[in-house]
Amino acid sequence: MSRSDARPTLVELANSFQRVRKYSLDLVSPLSEEDMQLQSMPDASPSKWHLAHTSWAFETFILKPYFPNYQDFDPSFEYLFNSYYNAVGEQFSRLKRGLLSRPNLATVLNYRLHVNEHMQTLLNKENDENHSLINLVQLMTNHEQQHQELLLTDVKHALFINPAYPAYQKAKQPNYHPHPMTWTSIESGIHHIGHANETFYFDNEGPKHKVYVEEFELANRLVTCGEYIEFIENGGYQESSFWLSEAWYQLKEKNTLAPLYWVKKEDKWFHYTLSGLIPVDLNAPVTHTNYFEANAYAASINKRLPTEHEWEVAARIVTKQLREASPTQAPNGCLGSGLQQMFGELWQWTSSSYNAYPGFKISEGATGEYNGKFMVNQYVLRGGSFVTPKGHIRPSYRNFFYPGASWQFSGIRLAANA
Amino acid sequence: MSRSDARPTLVELANSFQRVRKYSLDLVSPLSEEDMQLQSMPDASPSKWHLAHTSWAFETFILKPYFPNYQDFDPSFEYLFNSYYNAVGEQFSRLKRGLLSRPNLATVLNYRLHVNEHMQTLLNKENDENHSLINLVQLMTNHEQQHQELLLTDVKHALFINPAYPAYQKAKQPNYHPHPMTWTSIESGIHHIGHANETFYFDNEGPKHKVYVEEFELANRLVTCGEYIEFIENGGYQESSFWLSEAWYQLKEKNTLAPLYWVKKEDKWFHYTLSGLIPVDLNAPVTHTNYFEANAYAASINKRLPTEHEWEVAARIVTKQLREASPTQAPNGCLGSGLQQMFGELWQWTSSSYNAYPGFKISEGATGEYNGKFMVNQYVLRGGSFVTPKGHIRPSYRNFFYPGASWQFSGIRLAANA
Amino acid sequence: MSRSDARPTLVELANSFQRVRKYSLDLVSPLSEEDMQLQSMPDASPSKWHLAHTSWAFETFILKPYFPNYQDFDPSFEYLFNSYYNAVGEQFSRLKRGLLSRPNLATVLNYRLHVNEHMQTLLNKENDENHSLINLVQLMTNHEQQHQELLLTDVKHALFINPAYPAYQKAKQPNYHPHPMTWTSIESGIHHIGHANETFYFDNEGPKHKVYVEEFELANRLVTCGEYIEFIENGGYQESSFWLSEAWYQLKEKNTLAPLYWVKKEDKWFHYTLSGLIPVDLNAPVTHTNYFEANAYAASINKRLPTEHEWEVAARIVTKQLREASPTQAPNGCLGSGLQQMFGELWQWTSSSYNAYPGFKISEGATGEYNGKFMVNQYVLRGGSFVTPKGHIRPSYRNFFYPGASWQFSGIRLAANA
Amino acid sequence: MSRSDARPTLVELANSFQRVRKYSLDLVSPLSEEDMQLQSMPDASPSKWHLAHTSWAFETFILKPYFPNYQDFDPSFEYLFNSYYNAVGEQFSRLKRGLLSRPNLATVLNYRLHVNEHMQTLLNKENDENHSLINLVQLMTNHEQQHQELLLTDVKHALFINPAYPAYQKAKQPNYHPHPMTWTSIESGIHHIGHANETFYFDNEGPKHKVYVEEFELANRLVTCGEYIEFIENGGYQESSFWLSEAWYQLKEKNTLAPLYWVKKEDKWFHYTLSGLIPVDLNAPVTHTNYFEANAYAASINKRLPTEHEWEVAARIVTKQLREASPTQAPNGCLGSGLQQMFGELWQWTSSSYNAYPGFKISEGATGEYNGKFMVNQYVLRGGSFVTPKGHIRPSYRNFFYPGASWQFSGIRLAANA
């Protein structure tokens, strides 16, 4: 659930709805029907499923309650494309989403059209005072954008299984230049945390509240691949003292030696990207490190990860430096002065467990299942990656994953005690 | 590997090659690209994979060694489509065949064309004295036919996952009539077991050898769904004394209450078929019972399963009653006198563990991996089902599966001590 | 690792060392050799192992570095009784501690004597200026006390496996009286968190630091068994909206219907205690609820768990109400006014993930593995239970377990937003 | 269940009962209470459990039905010490036998006394015409002997977990001398299989029946450790063509490089025996090879394992060469001419799946669960090992284990086609 204090007009909403819905189709244009069928692990979903589930969300939470006499496109979809909303009903097994060859892609595309048409009709005839509708349309549009990002991370994971390492699309890689790591000091004091202005935000970004933050230092940029290779080659994956106990146990179990998507060929490191397998750029920020790796890297050089409070406090200081990030292309590698790569480069692990802010209340109804029920054992990431929708890039946005998850575009920003 | 004492001519071979290759394409014609991508369990493979792997077999075992200067269609396929031949090299993970969206279907179909053209060229220019080539072409043609049967069992399993229970194809169901179970007595004595004439056979069907079989009785027909429902409804799945210890343990673990593909709706039994979900026909033979269920059913009425020797001895007596069976349509349900439903109705579990016949020797080279290395912990089935290629229906043919396997078209023929 | 600003004298230390060492033997006096061999799950250890491991800790961290020419009791013990200190070396598999019948109990008791004698000798001849030694002796004495508590929780778990539900010891149950739940309001403001005086504390209790806490309310007492039965019988375990997503999934998987150790007999609830199976006392605080259950219970009545900061702020207010708690006997059930049952009754789950305090630094060497490396995916419990050593009961003490862990004496204290 | 055509008198029975019961106690005399508590894997049981379960068998199958007004020693034992007899009732979890510290050893020994006294009373007052009683006493006495053998194999497995490799007892190792492998040819023909005289036998050894066996050759002795080391060092564990497919998969999964209990130290092979860790004797027969290893070794030198029919036919020829074997001491290593080491040296894997003989019928009642329900996926071993009770060493005795089982004293006898 989300809250928005300055609601858009229906005309604005209808425009953003169309834009977002169309962009999902743009994202799958490089994919075949067969590609869109793939589910490579329980955490990931087929592209076709993402297209259907996002439509299901508009149908379930908006069309069914608000569109008079709405006829479902197909009654079985209520069950098939429900992700995890127990209040809506039982769900088709998450582990078997890749086994739904029917409905086929053509049917799912028709489902999208059906939903789009009814949504347009609804938005055209409603008035701007229907706040609950407006809130839901905003939420579901933002929800579809979250799935656009997931679609890319999931496709990357699925195509990587293929020993041909096929590219999702050819794209020019940004050019990164060497840049020394320096430290910005931030003074202790009481700060406000949480969504601060009147635009849309997710429920987990609020309520806005006060925290006391001790003085700390934050690195000006993300850790680079070159620095991370040094960690690997100095035996970082073999030195237990750098690792959390649980991480060390998993490392030994799985014999992990490098981040996900890294491949060593004839003594050179390559990594698999949405543009295929390419040599690792030493100046690029290291990505697909999970929480355990980020933590271990920090420990190896006597630093630590920032808390989400620290990160947000720093982020508010640098929001003016916000750079543009296009969803599937890494940002330009030139770094200026001050805190860099805070937004739209890579998600940055914080040391904060994902939990409710003081005063947080789960909303009534199914949309209450949106965020609150995941608040255990996950860690907060901040900042957004180059595949994050631009509209989701803000200081208060809280992403969250399990500490062992590696398939997101996640990187490492270091902090230090003052 | 196989042996054939009366070799066909190259012209005959080329004809059967074409027929078989075309039939694989006929079988996938009701399927979409998405359907053909599905792998619903490690034991099953995607239809697309079956199409590619059978081509790989011709390419690997015939074109590469026999076609001068043969150029692979794609060198990566040696690894991708090798099923389990260690002598050929490493194999792509069996568990992940459903994750190969590339090569796409169009490429696999081109691969088939490429192989077909080179095979035709080879068969046209070779002469009938090249026995090793002829043997291999026969073997690989029969191999493709085995995969045609697997393709259908695997597709059935994959589509069943879908809660819509989609039909592979609409087909008229045969009409079964009630028919009492009677018993044929077969005298004790020494019998010959194993392939007996000069046509093609698989290596595991030989060598022909003598066995002593005690007097026994064999049921005239397969156990029906009606009889099996009685077993279920009399508490057969709750009575431990009917079940092998290992079976009982699995039953409790998985809470099994009926055969695979059976669904109870409002107190009526339905089962999923290649034509979708239909009511169970009480007179039809029960199918998809695994070895454990076949055994338990027999125990529940103080009967037993036949050994494979007993079955083969009886089968030789009735070969003249052989009926035609079309691959994907169940045979006509009218039963006459004598032993019925021995061939081409359902595979029949025997109590015999799959093992080598006396004097059996594994062939040299990769084709030696065809049968021998699976001779442990599997049980022999005889007779062929309605989806078995007609040419594979013979008294000596030995099919084999793990005792817990249910996704084959397997039924129950009872035997009794004299 | 730990810090202590007001160090005890060696004489004081030697006394507490003796007392603690003796008390471990008192705790195993109701147990047979066979009982002391049991390991009922990977998280628990045999009593014999606890006796040996605590001796190993004195030997490894104190005798070997500080006792001139110290001879190990048995060189193989370095490996056998190392729990998880990678800096010391490899460890015998945690999962197989219950399979070490040798050394037998008599040998382990001799090992204890050997360590005790050398420790006494060492403490007698050292002087009070050897701060590092004093710190280590304090730490290892406190470490043994932690294992005394674990020994009891582990024995309870092991004996519960036995269908006879044997009692560890017969003991009088406290008598609990009904007591209404009321709420104490605590104002917002900046508070100090962390160990505040000069006595011994564990490293994870510091550094002392400031936090800003919003206004909140805390319940005067723990949730009772009667209240929890109401939750159960109103369908609490069947209502997904009360549960975290991960909890709900596990609940369905394991078909959990009540807390660990609860047994329903002829419609009445019993629970297994260290004194055997007894009827549930409706006025007693509910125990062996894990984090998921504590959370769900709170959600079911629109309350929440306190954060560890909130708990500590409240605890400092009530430290004057501290009651005595004897290790293996539940405290008297009479409740007065104000915040009750804060200390020495049951550990109280907080909503705080176990993490480092600002400025926390892992110590050098093996004792640095004491706390820091477990700071992921665990949740903090506060207050201590009736089997917690009295000396460990203080406002700053942080216990931590995985959210699914139930075998500790853990209960539920509710909080609410102001 | 078993049959015996020449029944012993009650006096004879009472004597053998006493002897066998006492021998179980002799076997545990080198063990401590703690040793007797160990269960190192689900397939193995604690020694204390073996002592209790064998008493349970006499109590359940004989005292309860035959001793007038028999009072159970403890009613809870019916459940606790039932191994797998569903007809008797539910069973305490097999996986948790090692977690029963209560009843303690003293109680179990009292249980044995109680059962012994009642059995003596019963045998004294019954008459020799009570055939069903006599049959049951014979069966249960033989059953206890089977558990004596299991007790030793299970103790060996449990003590091996201990890195100190403790010896069960010190014993002189037999001295083996080099002896060339030669081959005995046995002609084809009809042979009788199954128990042939009037002494006691287990139900699975009958009915006696005819089989036709083709001409074959059998090795004069078992494969030696020296020969097996050659197999290992020539890369036998790395050559897939020697291994059954299922075996190869497990080998890679577990990274197996040698038989169970083999340990390489500084380039020399040792193996763990009941007398502790000792250097491998190159002339001793290799033991603890499972079916997969036996099969692979045979394949590596173009031989095979015998069928159980072949083995029994050969065994009948050499029964006159029967050597004495004492239960816990390996037999003298001198080999003469003819077929050697057929009996009482090591169990010999046959290629025969464990199945019912023609005409086999499961007995009525709980004793019908003795053998028949295990007839799937196991392989027959013949001959008996040096820890097999002498009375169980006969040509018709059929032992059976899963092909991956290694903890029995099993060796390799080779066969070859004529």
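All chains are identified by letter, namely A, B, C and D, in their written order; residue positions are counted from 1 within each chain.
What we mean here is this: a contact is a pair of C-beta atoms (placed from the backbone, for glycine too) under 8 Å apart; a residue touches a chain by one contact, two chains touch by 3 or more.
The structure displayed is predicted, hence computed values, not measured ones.
If you take chain A and chain C together, no chain is in touch with both. Centroid distances built from C-alpha atoms place C farthest away from chain B.
Centroid to centroid, with C-alpha atoms defining each point, chain C and chain D lie 47 Å apart.
Rounded to a whole number, the gap between the C-alpha centres of chain B and chain C is 59 angstrom. We define each chain's centre as the mean of its Cα atoms; on that basis chain B and chain D are separated by 37 Å. With touch defined as above, chain B holds no residue shared between interfaces to two or more other chains. According to the touch criterion at the top of this document, the contacting chain pairs are A-B, A-C, B-D, C-D.
Chain C contributes residues 84, 86-87, 190, 209-212, 214, 216, 240-241, 243-248, 291-292, 295, 299, 304, 351-353, 355-356, 358-359, 361-362, 368-369, 373-377, 403, 417 to its touches with chain A in the complex.
For chain D in complex with chain C, the touching residues are 32-35, 37-38, 40, 48, 76, 79-80, 92, 96, 98-102, 104-105, 158-159, 161-164, 166.
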